[in-house]
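Look at the two complexes coming up: chain A is in both, with chain B in one and chain C in the other.
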Partner chain A sequence: MPFPYHKINGQDIAHFRTIIGEERIVEKEAVKKEYHHDEMPEYGVYAPDLLIEAINKEEISQIMKYAYEKNIPVTVRGAGTGLAGGATCKYGGILLSVMKMNRILGVDMDNMTITTEPGALLSEVADAASAAGLFYPPDPGERTASIGGTVVTNAGGMRAVKYGVTRDYVRAIEAVLPDGEIVNFSSNVVKNTTGYDLKDLVIGSEGTLCILTQVTLKLIAKPKLTWSLVIPYDSIEHCISTVPKLLKMSFVPTAIEFTETDVLDMVEKHLNKRFPDRSSDAYLIVMLDANTKEEMEKMVEEAAGTAIGAGAKDVLISNTAERSASVWSVRAGTLEGLKADSLSQEECDVVVPRSKIAEYVLEAKKISKKHGIRIVTVGHAGDGNIHTELLKDPHLTEQEWKVNTHACLEELYAVSKRLGGQLSGEHGIGIGRLEHMRHFVGERMYRLFQSVKMVFDDKNILNPGKVVALDSKGRCGA
Partner chain B sequence: MPFPYHKINGQDIAHFRTIIGEERIVEKEAVKKEYHHDEMPEYGVYAPDLLIEAINKEEISQIMKYAYEKNIPVTVRGAGTGLAGGATCKYGGILLSVMKMNRILGVDMDNMTITTEPGALLSEVADAASAAGLFYPPDPGERTASIGGTVVTNAGGMRAVKYGVTRDYVRAIEAVLPDGEIVNFSSNVVKNTTGYDLKDLVIGSEGTLCILTQVTLKLIAKPKLTWSLVIPYDSIEHCISTVPKLLKMSFVPTAIEFTETDVLDMVEKHLNKRFPDRSSDAYLIVMLDANTKEEMEKMVEEAAGTAIGAGAKDVLISNTAERSASVWSVRAGTLEGLKADSLSQEECDVVVPRSKIAEYVLEAKKISKKHGIRIVTVGHAGDGNIHTELLKDPHLTEQEWKVNTHACLEELYAVSKRLGGQLSGEHGIGIGRLEHMRHFVGERMYRLFQSVKMVFDDKNILNPGKVVALDSKGRCGA
Partner chain C sequence: MKIIVCIKQVPDSSDVAIDPESGTLIRMGQNAKTNPYDLYAIETALRIRDEVGGTVTALTMGPPQAEEMMRDAYMMGVDETVVMSDRKFAGSDVLATSYTLSQGIKMLEGADLIICGKQTTDGDTAQIGPAIAEHLDIPHVAWVKSLEEVNDRFIAVVHQMSGHVQVSEMPYPCLITVDKDIFVPRLPSYKTKLSTREKEVRFLSFADLPDKNLSRFGIIGSPTQVDKMFPPEAAEGQVHIEGNSVEKANRLVALLSEAKIL
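So, the complex of A and B:
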């Protein structure tokens, strides 16, 4: 325990009942098991002492005032779809769900923004934008994520190549600080140099700095057409070496993904989905958005010429939104397919300079062979973010799996660092990658991280044990 | 003084001579007057005790180690083109120029980035990108700014409507911390969720957190054509109410500026530049980028239809880069024109939600009348950033000017706050807006700012007295 936290007792629960409706407080034994972990139970299963479902910021403020005074850890929970073990009560205490704060407060047509509570789903926010004739581009695979969760993890996704990540769409954040004070980070303005950029610090902070109660997000004009290209290659090297060339075209593709034939095997086998071409070892899948058919045809022509020039065997065009969707559903099913094809999984979410993707992928193959762990690389070729999935096969003992995946991860992170990459591209640190952080970012950067945590959360009560570890006194010591 | 700083003596200078070449250390009396202030001497004229011109990060690291140990304030200086009094030695000490660290280290074609030392000029970076067939979009009016200065102030500029601000182009920062340690914030990757986003915290921190020694910036494909539209209106209300409509078109205009006839008068009178139309009271100037003439013609058609539908009297097309440049040179001459037309200036750089621009401009006119101070609003209609220039006319005594501009500023900031705006959109806080910060952002946010400053600079030796004030012990007290 980083801190001698107060253990919730009957008196505390009685106090919370004066703030929160009876039906929205669930005591330890009654808390459903799904709240003990996120999508990666591998990163820890922890029972909260109390589950509270808040319905507004005033409630959250009152809960935090009490928790701050009493020294009770609080972990905020959205939809629980994270992949880093971020939304779990590592040190017990309160699991504070914001999923009942799910009102979309409106689309502002003049400012082209949408304002929403944190518990609305990403899909609901995207739909509300679309209903207003506008477009919310961030699209991590998991569309049942809470929108607040996507902000505190700075969710990425495939369309980041053209449209950027969640960070690029957050105009304003209303939040409760660990001591209960309600503050606003920026407002509905498109540029801001008023003091330090704490809004961007909060984005991606994985619920360790403050609790989001409202966000205002930028929307853009909706592209009228979406087509996709499936581009087969004889080798992964040729496949990936096309990427920088695609990025230098006169327009920016919406998404550029790569996949290999073994991944397609798994998805087809377990999910009954069919990829339109199986002639080749490696594929690029490219998504294009345009407003007119004419514009689209020009884009396709340029992209196809670029790909063929770089060694592609063919370029298959999915020229309707529906056909395009079917291509992407195979890509979207990757994680599910890998899960179905293995007994357990570990994941490495490195991001490397786009020019280094091929080198990283080849190194990952070597590391796989060396340690006898099946490693599959899929991912966002357009932004260098390679989901490197480590899969447990039946022949491995638990001990072999544990020791060898650890050895693989250490080597994969070392490769990423050597290539100028980072530890995590979009899934975040949470618990899952915490043990690798200090070494990866270096001692001084880690101390800056610890100190920043303490600026917001001097008692270390908000989602403790995630992103950074603090010492036994909860202070920023060695 | 926020701190009992050490006053530089002969022994210190002797020490610096062991690190820095003789010819790059200038003692107090020999420091040119231009180093006593930036482009706004109104915000303070301060003589440094010592000017040091560094040539590499190792020198800076050594200087900072000594300054940290001895408690000597250090202020970094780029080209000195800031508008907030940011790069001045408010408390004496060392003025550390990085203008000799001006090497552009290369364009990385595969990652589409440029890496440069901080003292290269913005124009040089833009030219180097262009020579490589690529494009660096950020374009604040002042192209002789140092690139490092544009990063630490998160410079905006006209093209922000389509392309965003400097922040959107910074991939990686290498910097020296106040105690001399050299660190890297992120790397050449396009997404990153490895811990807290300190890179974005450093961007816009006005040299108060660390000293930039190298930056890597994103480049994009160069648009092939740039045209401009000059759109006359009978009233400023009609003019500005067109803006949200232009932003909802099927494409995003590169820039949307507004100007009024009195501003054009001043520029034409003092700078001998001619605006292509003088028939009307108010104008929008719209810049469009495209890759083909066909695409451009469609964009012009849609923009013209939108403007006419919203009450424009006409739409004048500048359909070559040259003609377009001549329109923009009038806009670019605004500040110079206003300076020539008045005895002294104060500036308010608020940003408001784009839907509130017209309301703000009308309020500014009322405030001008109420306090008898000439106020001119020009600016970035496309992003709600309105440069509100207060001009001293000959009939005003110094005392009237001082008291009344202060009253105007307080009211203008209150209007911005009421409309959901911010204190500064792109020029930053520096010294110039510091007295308004605490009240504007609120006590709690201000304390967060102070604490963040202390995380990086616990002795408050780096550019002290800018962005936030600290108490007499240099700590974050009241």
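So, the complex of A and C:
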């Protein structure tokens, strides 16, 4: 029986010391607290029994062979910037950091790809692409994320409207399976119908299926000009109902974000970052990419005509780096501003069909009122991924906060499901949303998820207790 | 109140090419934009106008393509724009540029308040504003960080001196240069673009100016000789601070203090 797991002892540590350099093994008491959680400690704080920093795939293979044989749980850790409690040792065991595997192995100009180890930062990969005159579009906002982390969480970000998500850029993955075998998912090809597309299963699997050791990513030509439009509205309804109209234009905007005046207040109050326009209740921020000024001017004309025709008060044009910084630094400060303005936060990352965004946002406001929990909706209006932040105000007791946020979440997820949406758009399931999974996806689909997990990881030693629970078979539960 | 804002078109890149022969900036083929510091001056002028009434005129000296910058100024909300453009102005240093602009201001029959950005991103001298005021013999305060009071008799401004903050009150006419972050500059408006489409950008040449003494303009009127111009070397040094969080914080404060950043 794989569960309960084997508890790491002195003999195990002695074995790992024969594989790994002394300085790259840290025992439980010496593991820094930051490794006990990710960016959402609300989803659990767990001390690993052992932290190992691997430097190559052979080491990882040997660690996994031993862990598989001894039944020791292993959780892979990148930069720890996740928002779902994904990279934590829920059942103890080994926390395997890949942050020392951070070499960018090269840009292939002929195939327009970049190959990198998993511990390189997203910003480093994007910079390496840029230095070669190319562009890696996925940008979830957190640019200090590890590139491996962005692949296993299928990171999205605001540019998904035009460029898609991380999945659309992954050509090939080299990985270690739970039993230690090194395998390759696809290769540097554009098309592939060679059997099941397991690469796509691995992308977004949150470290529950295998351990990435190398990834090859598609790059594209870099757009020469990027401008932004700030579009003010008197009402949130008009603001959001413009989004489908902008998506029907003759070109695809790079990003369409929305924000409300309350959020701007919070960012201004706590971070002293001021937005260039404060005349209105709600704003869309639209990013446009083009290769010539003439092309850009035409896009601005069409977007402005569309927005004003849909009820916008004006269209403000950010056409230089300084102007864009004043717009996007406020948008980037949103999460920090919300955190500073509340005692605790719970986060809902639903994604709904783009035609249903307005309905979802209005429902969220009703749910907020009903349960007395402050709810702020912000984010990616262009792709339907509305970050719905639940904020704890001082008048709430811990118990009220816990009970009422849970009630809010259940209703928000029910609304998303009714509108044809999904539980999570880009932050993943991890621990944070696990309890809602089975109900949301349905029994048959959940069993399929469990089966997929078992095919890759029959002992359930890789990041157990995340994405799916296997309690029905007597193995570790949620 | 009549307000004149002096602005300048600069290359839209910090990576500026320099002609090795003449030592001057290569402007051809570069995208251009309004000097970022001047956007704060425009914003300050528009806010004062909106509060106490009056007009805002944007004034620049430069090549004819500065007209494009003036379209941007119209989109921000200025009422009138004037470009001083003449081959005779070419090669001007701080003295000749500030004198030429002061002549332009005289041509426009002066102003109650003249506002400049604190410096440009290409010349970086931060001297043009005060020099214009000296040519016009009016009071001035540079690097204003906030406005204390503006009414129809005087303006009171707050400016950062080395070691202390000073509040100064000046009667009109006067000149201020404003620091960045005095306000967040508004963005150009598409609706204003449509409504100002027919508005004229006025051009002034040497022949329009009251002073016809050519020795005060352009390269002849410029005593400054640029000996050599080169981009500064990018600092790439890195310091790694070790220790616990308190030790690291103390060391960081010490390093920043040594570098006079704190």
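The definition used in the following text is that the second predicted complex is superposed on the first by the 468 of 478 C-alpha atoms of A that agree within 3 Å, B and C clash if a C-alpha of one lies under 4 Å from a C-alpha of the other, contacts with A are read in each partner's own complex, and residues count from 1 in each chain.
Throughout what follows, a contact is a pair of C-beta atoms (placed from the backbone, for glycine too) under 8 Å apart; a residue touches a chain by one contact, two chains touch by 3 or more.
Everything numeric in this text was worked out from a predicted model, so none of it was measured.
Undergrad: Which of the two partners, first being chain B and second being chain C, lies in contact with A:247: first, second, both, or neither?
TA: first
Undergrad: Considering only touches as defined above, state whether A:361 meets chain B (first), chain C (second), both or neither.
TA: neither
Undergrad: Applying the document's definition of touch, where does A:308 land relative to chain B and chain C: first, second, both, or neither?
TA: second
Undergrad: Can you tell me whether chain B or chain C touches more residues on chain A?
TA: B
Undergrad: Is A:429 in contact with chain B, with chain C, with both, or with neither (first, second, both, neither)?
TA: In the superposed model, A:429 contacts chain B only, not chain C.
Undergrad: Is A:420 touching anything from chain B or chain C once the two structures are fitted on A? First, second, both or neither.
TA: A:420 sits against chain B, while chain C stays out of touch.
Undergrad: For A:275, using the defined touch cut-off, is the partner it touches chain B, chain C, both, or neither? Pick first, second, both or neither.
TA: second
Undergrad: After superposition on the shared chain, which partner residues are touched by A:467: those of chain B (first), chain C (second), both, or neither?
TA: In the superposition, A:467 touches chain B alone.
Undergrad: Where on chain A do chain B and chain C both make contact?
TA: Common to the two interfaces on chain A: nothing.
Undergrad: Name, in rising order, each residue of chain C that touches chain A in their complex.
TA: Counting only chain C, the residues touching chain A are 12, 31, 33-34, 36, 39, 75, 184-192.
Undergrad: Tell me, which parts of chain A touch chain C in their complex?
TA: It is residues 230, 274-277, 293, 300, 304, 308, 314-320, 322-323, 326-327 of chain A that touch chain C.
Undergrad: Report the residues of chain B in contact with chain A in the complex, numbered from low to high.
TA: On the chain B side, the touching residues are 108-112, 153-154, 156, 160, 165, 167-168, 177, 181, 183-184, 186-198, 200-201, 203-205, 209, 220-221, 224, 244, 247-252, 291, 295, 349, 351-355, 383-385, 420-429, 437, 440-442, 444-446, 448-449, 451-453, 455-456, 467-468.
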